[in-house]
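Chain naming follows the written order as A, B, C and D, and within any one chain the residues start at number 1.
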Amino acid sequence: MLENLKAEVLEANLEIVRRGLVLYTFGNASGIDRETGLVAIKPSGVPYETMKPSDLVVTDLNGKIVEGSLRPSSDLATHLHLYREFPAIGGIVHTHSEYATAWAQAGREIPAYGTTHADYFYGPVPVTGELNDEEVATDYVLNTGVAITRRFQGLDPIAVPGVLVRGHAPFAWGRTPMDAAHHAVILESVARMAYYTVTLNASCGNISQALLDLHHFRKHGPNATYGQKNSK
Amino acid sequence: MLENLKAEVLEANLEIVRRGLVLYTFGNASGIDRETGLVAIKPSGVPYETMKPSDLVVTDLNGKIVEGSLRPSSDLATHLHLYREFPAIGGIVHTHSEYATAWAQAGREIPAYGTTHADYFYGPVPVTGELNDEEVATDYVLNTGVAITRRFQGLDPIAVPGVLVRGHAPFAWGRTPMDAAHHAVILESVARMAYYTVTLNASCGNISQALLDLHHFRKHGPNATYGQKNSK
Amino acid sequence: MLENLKAEVLEANLEIVRRGLVLYTFGNASGIDRETGLVAIKPSGVPYETMKPSDLVVTDLNGKIVEGSLRPSSDLATHLHLYREFPAIGGIVHTHSEYATAWAQAGREIPAYGTTHADYFYGPVPVTGELNDEEVATDYVLNTGVAITRRFQGLDPIAVPGVLVRGHAPFAWGRTPMDAAHHAVILESVARMAYYTVTLNASCGNISQALLDLHHFRKHGPNATYGQKNSK
Amino acid sequence: MLENLKAEVLEANLEIVRRGLVLYTFGNASGIDRETGLVAIKPSGVPYETMKPSDLVVTDLNGKIVEGSLRPSSDLATHLHLYREFPAIGGIVHTHSEYATAWAQAGREIPAYGTTHADYFYGPVPVTGELNDEEVATDYVLNTGVAITRRFQGLDPIAVPGVLVRGHAPFAWGRTPMDAAHHAVILESVARMAYYTVTLNASCGNISQALLDLHHFRKHGPNATYGQKNSK
């Protein structure tokens, strides 16, 4: 079932490996079929090198496994919460990519220091609050998702397609699994450049709202002019 | 038309990929045929892996497309302004290479900390002023070029073949498209070493004028002694 | 003799090369057969590219060579001391991987800044005390091991499978030689992310005890849920 | 003539490329035949990819070309001065490797922060003084060598096989051209780790004299125990 989705999710998983975001079996990508509400996700702890579409686990939005003989990623409950709360997204990628993780560990949001950032993230990449001991002790993985959606109150997840989970690592998402993978890759590059920027200029601020708007809206929305007419 | 120029511009585009300056479809290279005043430039948002000479877009110096079925790079107007204002240059390369971009985001020029810098840039790599909201709202891409040429008042673009656009990223140029690509690659290396240098010694100054002169003029101008007699 | 162990130790040696932890002939891996008390270790100063299982040196726990015509790694006495004092471990890896070595040189333990760390190290990665001149002058290599076990008083080497030797470099270990290699690789990644973290936020603290517990115990011990049921 | 020396010098040139110390045609390696006093050196500005032994230039110790049709490296006079003043050395390598260059640009010597350093450099890697304007204006390349030997008054170039030329970049040397290349590679690694170390702990000091002695003398001199008996 969902052969296209599984192929796409596998490809998103491989993309984060190809781009150097993954050590060993770290990280995971998933995708959702909005018609059926079914999610395909990477199995837990399986090597990327040998992963096949049939290794992916298909669950419903409550986490009930409907296909697959392997355990799903241990981050499944976070993915499912985000799919339930962010109806516009179709794919999610979680990595421990090193610069984005460092910002998450430092508990600092990534300011919009330049136009590379603005092309993909309309404003700072936010960082969640810390989970309290009870949230950690009970339903930790779900509560990680809750911390994300709590932080996104008033934010549009399509305009800001990623987040830093404090003390943990980034999640990125997009309209498709491959979009989510691209956003994870670009988030790492943006995090790396922001690291260099802030260590060169500790008081550096965000670019102007005008410049943020210009760069964002020429790549997104009805007036986008970037790329070729026939492609996305 | 202009098959040699297009081949050279394609090669300059591929050089910045080979040297690790490019993520996905970021960046662009162009070249100009000074006899006809025609410019060949990378199309917008096309993958480098499959790019062919015939994908390049040829425009005149006012941006009118004279050959090519794809949209030109969204940075075309910056390139054309630089070709109009810097008559000695024959190629331009724009990247978001990460260290040079960080200096641009930090709003700091790159001092001439050493002889590697002096071999290619006769003085600091300057950073432009910030565009005001009106310059962003109207003709933003052209105004990016205007910010560059405004900053280069009194500077020789052949002696300083690159710039940091504040809050954005570097542009580099040269007598040919491949020269421009080489300068983009070396600018990134210089930016990286300058980053390490200033974090090791926050009060580090430029090398002496004597040393800057020596290194620059042995590689450039009528008394150059570097390399072999028969090559450039 | 011990063909399986030697094959495994060779593989652990190659793993640290593949993962970029090794320059030239730096580093070494060993493994122990607990039934016989025999240790297989890399020979000293032999290129990894051409190393064969038969190049490995087999010694008893007192360092007496029982097989092999080459000199054992110059760090042998440290390995043997750790095998004698940490009965639960089956493999040891020593590298001069650059970020972990930098923390060791700086004389700073690596705090548990995030969940990547917590997944593998239950608390900070400790740093040993400095050896005094007498400990350096006599039995230096053995005393390096003594400094490690002295620092591990009250710590469980399975829960914290690595250490920074002050002014020197990291040692990592595990239940098998390959576990030790994985811990060496992950220690370097953790050290790198911790470096970025502390330079972004000098006063960053450890993650909460609750989060440390959660991440550690879901991957280790009787209640582990990570990975597939049939694998480790 | 000197076919073996030229082959070895070519190999040393290629080693610094393989190890990532070189951008484009930067850097150069040379070797000397002490019996004839002839030096083989890389030609200036020739691509490494296509370099052949016959491209190397052979000169006497005064710089007179005795074989080769290409111009020698523009750094020839520095090499020759070092060969004249340091009779124990047989090879020299100059690179602009990025971390070592950053220390040179910052005007800071590299302290002996750890045992990796001590294994190769018996004490800090020194930095030369600045050349004055007259030394730059006349015989600059020779004076670069003079600045090095002036700084090495009282130092043994075999015990400290490298230097940072202030505002420029490192030179490394050794008993053979390949030794010099290895020292250049290790100097870059040591420079990188020292950079991380000092940014983690600004007041970090050298390791103890006892530890410096131990590590140095077990790899060098009559009592060396590292490696195999039959190899160097």
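Simple rule for what comes next: a contact is a pair of C-beta atoms (placed from the backbone, for glycine too) under 8 Å apart; a residue touches a chain by one contact, two chains touch by 3 or more.
Remember, predicted model here, so these are calculated numbers, not experimental data.
**Student:** Going by the average position of its CA atoms, which chain sits the greatest distance from chain C?
**Tutor:** The most remote chain is B.
**Student:** Taking all residue numbers used at the chain C/chain D interface, answer same if over half belong to both copies and different if under half do.
**Tutor:** Since fewer than half of the residue numbers are used by both chains, the interface counts as different.
**Student:** For chain A and chain B, what's the span in angstrom between their mean Cα positions?
**Tutor:** 33
**Student:** Could you please state the distance in Å, as a whole number, between where the Cα atoms of chain A are centred and where those of chain D are centred?
**Tutor:** Chain centroid spacing, chain A to chain D, equals 46 Å.
**Student:** I need the residues of chain C touching at least two other chains; which ones are they?
**Tutor:** Those would be 199.
**Student:** Looking at the complex, which residues from chain C come into contact with chain A?
**Tutor:** Within the complex, chain C touches chain A at residues 113-116, 182, 185-186, 189, 192-194, 196-197, 199-201, 204, 207-208, 210-211, 214, 218, 225-229, 231.
**Student:** Taking the complex as given, what residues does chain A use to touch chain C?
**Tutor:** Chain A residues touching chain C: 23-24, 26, 43-46, 70-71, 74, 96, 98-99, 101-108, 130-131, 133, 136-137, 140, 167-169, 195, 198-199.
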